[in-house]
Amino acid sequence: MADKYKHDFFNITFPHEYVAVVEINRPEKLNAFKEVQWLTLRTIFQTLSHDPSVRAILLTAAGPRAFCSGLDVEAAAAGTLSSRETDGARQANYMRRHIFDFQSCITAIEQCEKPVIVALHGICFGLAIDISLACDIRLASSDARFSVKEVDIGLAADIGTLTRLPHANVPMSWVKDVCLTAREFHSEEALKVGFVSGVYEGKEGVVEAGLEKAKLLATKSPVAVVGTKELLNYSKEHGVADGLNYTAVWNAAYTQTADMKDAILAGLKKKKVTFAKL
Amino acid sequence: MADKYKHDFFNITFPHEYVAVVEINRPEKLNAFKEVQWLTLRTIFQTLSHDPSVRAILLTAAGPRAFCSGLDVEAAAAGTLSSRETDGARQANYMRRHIFDFQSCITAIEQCEKPVIVALHGICFGLAIDISLACDIRLASSDARFSVKEVDIGLAADIGTLTRLPHANVPMSWVKDVCLTAREFHSEEALKVGFVSGVYEGKEGVVEAGLEKAKLLATKSPVAVVGTKELLNYSKEHGVADGLNYTAVWNAAYTQTADMKDAILAGLKKKKVTFAKL
Amino acid sequence: MADKYKHDFFNITFPHEYVAVVEINRPEKLNAFKEVQWLTLRTIFQTLSHDPSVRAILLTAAGPRAFCSGLDVEAAAAGTLSSRETDGARQANYMRRHIFDFQSCITAIEQCEKPVIVALHGICFGLAIDISLACDIRLASSDARFSVKEVDIGLAADIGTLTRLPHANVPMSWVKDVCLTAREFHSEEALKVGFVSGVYEGKEGVVEAGLEKAKLLATKSPVAVVGTKELLNYSKEHGVADGLNYTAVWNAAYTQTADMKDAILAGLKKKKVTFAKL
Amino acid sequence: MADKYKHDFFNITFPHEYVAVVEINRPEKLNAFKEVQWLTLRTIFQTLSHDPSVRAILLTAAGPRAFCSGLDVEAAAAGTLSSRETDGARQANYMRRHIFDFQSCITAIEQCEKPVIVALHGICFGLAIDISLACDIRLASSDARFSVKEVDIGLAADIGTLTRLPHANVPMSWVKDVCLTAREFHSEEALKVGFVSGVYEGKEGVVEAGLEKAKLLATKSPVAVVGTKELLNYSKEHGVADGLNYTAVWNAAYTQTADMKDAILAGLKKKKVTFAKL
Amino acid sequence: MADKYKHDFFNITFPHEYVAVVEINRPEKLNAFKEVQWLTLRTIFQTLSHDPSVRAILLTAAGPRAFCSGLDVEAAAAGTLSSRETDGARQANYMRRHIFDFQSCITAIEQCEKPVIVALHGICFGLAIDISLACDIRLASSDARFSVKEVDIGLAADIGTLTRLPHANVPMSWVKDVCLTAREFHSEEALKVGFVSGVYEGKEGVVEAGLEKAKLLATKSPVAVVGTKELLNYSKEHGVADGLNYTAVWNAAYTQTADMKDAILAGLKKKKVTFAKL
Amino acid sequence: MADKYKHDFFNITFPHEYVAVVEINRPEKLNAFKEVQWLTLRTIFQTLSHDPSVRAILLTAAGPRAFCSGLDVEAAAAGTLSSRETDGARQANYMRRHIFDFQSCITAIEQCEKPVIVALHGICFGLAIDISLACDIRLASSDARFSVKEVDIGLAADIGTLTRLPHANVPMSWVKDVCLTAREFHSEEALKVGFVSGVYEGKEGVVEAGLEKAKLLATKSPVAVVGTKELLNYSKEHGVADGLNYTAVWNAAYTQTADMKDAILAGLKKKKVTFAKL
């Protein structure tokens, strides 16, 4: 593995051509996050975004018990949350900068050009939900337990859940229920409402399924895959006329590629095709 | 009960600390609405919104047969709909003002700072749908029957259903089906598509479930609960970057609260915590 | 049938009062589309939109095997895709114009004032998805097979799927899965996520169900039906305040109709009512 | 004058048919505002909005020295600003409600269906700018002195100036200059950048010019005038396609009026026409 | 001149390479418009948009007295406005379709890929303003007289003025003044507020200036010119982040052109360069 | 000067308390920009944004002849523009990333929390316009010469001008004129249309005026100044209702400051006040 992918608290591997696996690695703390971790997460996904050797990414977490138990509250209490200005406006500005920076680290996953599949298992609380909503495809193990936990620590969730969950096209009545009550919900319910799009047997099951999907995406034309992610993201945020117009301008450039002819031929001949790097 | 909560056609009670129950009370007419009722509904929810003794609200309706059978068409025919200007433009302006005012009464539920749970039972036709869509969490009894009835009286529904149903994150093909055909659908179907997020046995079942949920919300930090409702509503209406930014500004102020420390300690000690009024 | 409805590759019939059936008719090519077909599709729906004899439209396709297998790639290769400018910017402008024009043909279905039900059967690949998403109500046969196929030909889908699927209120995790993988999915899955709102036994089943629904819509006040489609489309694209305001202005005009009184009386007397043409 | 227009701190007169003049009347305090005044302002403009005897409104202020010197800081210090919660989040919620309510009072001018001309003279500081920006047409006396004063009291202006000035189509570089520096500017500069559209000799001059303009508007079809204000306001807030669509729906109703024929005939015959009330 | 440019009521000439002049030609009626004219206008600009021999367009009008005196009211009275449905809703739908179609004809100027300069002279009333606002650059003769005339015929202007004037970045106080009063304003005022960006001596002066500007634009790279018009139009309708993103995607394609190198060399060598057609 | 402000191509000084002056320093090349410069520009403004010792920033350029002559075309030709992929789609992706990164460097000025005044002198071509539009207040010397130069190098300007100029509230007809023709315009014209809000005698004049303004801003409450910049930027990008709401939430936090009382007292006592750092 290249040095640029060596980081504390994360293992990054490339088990198949064009497939990267990012593993959150702090199992002894149930993969809870402290500041260095979210800063590193941003660095990793910004690097993967432009790495021509990567076409699909799987995000997982180490250890059997938890994908992520949320913010490392102890570290936060000793860090950010400890430094309080006495003037309310100045404290507000301090917090605003802090939240922006934290949010932008998670948004790096959404802005990564390459599609990101997340394999959720065990405990997925608080920040785990924020992170998973910045991913493109959410898969869960049969034993996964979810909670939008923030209300229970006196806080409206501010790292993305309250913004992205209403845009995930899951029923709003359910969204408000889980966000206001902070109650746990499990894989079956998550699948039924559409929060995840697949449930698999145990952590092994979901990691394997995620890997298979990543491998599948990695066989496709990267021009088509990158365009599809971007056009879906743009369209979700804009009206239909805007979405169609943007799509036309995008493909005005991105159909000027040998991948189209190669992909069609490969389809006809049922043969594997090699696409150039992107 | 305070005098400010005494109104014809509504019973307002406070069965638990910080929990208000608003019961529509015109069972002899299947809780059909005439003008005084929607004007009163606005007053009630505007008052509840800022009442520091209220942290969660349950909306129910009296009588075994209907949550609400819709507009009281007879009263409407004798009232608003009878007064017709002969000049088309002037009649249009008259109707526009009337519809705006009617809409704004229902919107008062959505704008209420505190979360509103609605317990739907029996007949839920026309205006019942408009009202329920302004609530945060929709629960139904097993015997509930729904219909977006307006097409059958020669009218496109104009008090909120056609606006809010497409934003409830229920499938659009189904939305158009029920809005264009005015066909009845029942609890099971409502749950499957996500229009409601829970179905319970009979009216008693849903009212009890709604009350339990309201009680649960009432135990949480009101700072966290009010923020969560507002941030979800804002985010649903804006793009992701806007939603994140608004969230950061919001929490720049709303994290300056003792509730956070108190809630965390309560969580650790598994003890009940008392939050100051909001 | 009027001459204005005679077109190659389409059969247009009027089996019931106020009901039009548009059948895609190129079964020997699995109803694949070449340019003349999408241009004709636009003409047909623009004509139906203002035809006072039409109140509901069913879109079907000839032959047992496919609703539509997508773009006729062979024809495209010989046509549009063959004409390549050597200057990248000029080729981009050529493609942009071409995609716009193609998109606008499909958008004609969405802009048609009258509701459009689509009965999907057999193979529904690529362009079939684009077309179906411009329709109001999507129904499927039990044997329908769907695929957002474009990634497999090196292309981000550009005729509407990537824009309209995120607005169909089906879960985004699922949307990204099927758009990025190009995997097939079948009727049961399509129903579960809400892509279609009904599944019926075989092609006969879905066409009959679609026809029954079209007949039902055709019995309603055309003023109410046209308004309902328009207000749902507008509201999906705008925020709640905007949607309510537009609805009020719309009904300021469209409640000035005899249909309301006639519809109410018909409802009370359980009798059929005849509405004037629109 | 009807009782409904009797209020402390305001004189409301009807000097010409269909013309209302609202005069701010607290000259001994340079027309500074305390809470009762902005609450009353809302009541006045909500009443005028639907009063069929009113077609145009002129807003002026009593006394020779000032249109309005801004917020009555002394009263504010004793009132709103004195009541401080010790919990930052609770104080934030208190202030948020207070600012909303204050803003909505000023917005009542913008939402008034009838056009509002403001005649500005002498000192126009702070709140005077907020108020004038909610009016449709701004005229000034030659001696008017303006200042976006809030920065000088440690505050970002929050009653509308920072929101509406960027939408008044005056150059942004100038907007930021006057808002950030709080420097005074005078009539000539205000006219040159377009903040006001007319400057007249002394208070008498601007009041007379405003009255003449109000009288002119009052001779026009109220259907056309009300529509023109609404369509300009809507269009300013939306894109071109949206604006055109809304305009078409609006006029679908508002062209169904005898005013059009009457106005055309009156124009041809150069005769005065009497339009029905609206 | 090609046959495709032969139309009643319009003269279309090509006085210089890549420059088209469209002259409205009904001087005996002061260039008032009836339906056939606006339908033809749409055809002309749709054709010019994609014509590789055209890089800049000048819009003028025949005769010394008027650019356009507005709608041909007589023809409208005998045509569209005569056909009145007795049912208000049906009349509304009829008018809505009519206004949409009329608007879309004027919008064809805005959507034309090539920049359009308009040379305004003499009477420019009503529809003249709608038309000029769909053009890119507005120039006027010293004798031009403007009026947003519609209020004086009992109508809120509905063919674009009320939508596009607030987006022309001219002061809103002035916009509301001229739209609500229907008063005349002349060239000097039009220039001062920015409605036009140049005033020239007499009709000859403005036509010559417009032609010189068109000739200048025709010497530039058509790739750069077409992109500049599109990016300005897009950005005006969207926020800054959206505008920057769209610009980047656009230029991802449109910088793949030989024009850049050719233009730079031509600039260095002060020589004329020949760009390929677009 | 702190080391963090030592950079090639820029001089950063702090001539007065809380005032930073950033001088572009490559006069031998007329301050043309190559990549290292725009990357450095981003670093500088990101640092200034959060530096508590800075409350206002003046941007100037070294040498008598030019503020900035634009992109260093020679360097670009040898760098970015030289590296061309042969596959059109891959080249498009390369350019898209490059333009995004370049744009984001300029946007750092807009996102800097503290207000930025730019003093423009001499040649201000191409990139100079992009940069100045990201600043808050634009001042010019009497000898300044401006040009949106990009069309003359075969390019639609893509680093911000075409996006931000339509949002600077200068007349659109003029905007399109200067962007499409690439013609030079001078200070007087820039002032008349509102592109700059002040013109001063020579470079010395504008730099001194800019410094005076920066010093003035630096005496104000930083809470008020930072809030004013942010609320103006937000409001310019959103509708009025959104702007008012955001303002209320913002000030819910930022009025919790001692600055308000201190500023009011200072105003009453005409004394200088010392505000805490932000």
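When the chains are written out, they are named A, B, C, D, E and F in that same order, and each has its own residue count from 1.
What we mean here is this: a residue touches a chain if its C-beta (ideal position, glycine included) is under 8 Å from a C-beta of that chain, and two chains touch if they have at least 3 such contacts.
For each chain, UniProt lists the protein as follows: A, B, C, D, E, F = Enoyl-CoA hydratase.
As the structure is a computational prediction, the values presented were derived from the model and not from experiment.
At the interface between chain E and chain F, under half of the residue numbers involved are used by both copies, so each side presents largely different positions.
Two chain pairs, C-F and A-F, are weighed by contacting C-beta pairs, with A-F ahead. As a whole-number value, the distance joining the C-alpha centres of chain B and chain F reads 47 Å. Per-chain CA centroids place chain A at a distance of 33 Å from chain C. Each chain gets a centre from the mean of its Cα atoms; for chain C and chain E, those two points are 34 Å apart. Touching of two or more other chains is recorded for residues 88, 91-93, 167, 169-170, 193, 223, 249-250, 252-257, 259 of chain B.
Contacts between chains leave no pair untouched here, as each chain touches all the others.
Chain E meets chain B in the complex at residues 88, 91, 241.
Chain B makes touch with chain C in their complex at residues 73, 81, 88, 91-93, 95-96, 99-100, 103, 107, 110, 150-158, 160, 162-167, 169-177, 179-183, 193, 237.
By the touch rule above, chain C contacts chain D in their complex via residues 246, 249-250, 252-253, 256. Contact residues on chain B toward chain D in their complex (touch as defined above): 50, 87-90, 92-93, 97, 223, 226, 253-259, 276-278. If you check the complex, the residues on chain D that touch chain E are 115, 136-138, 167-170, 193-198, 213, 216-217, 220-221, 223-225, 227-232, 235-236, 239-240, 243-245, 247-257, 259-264, 267, 275.
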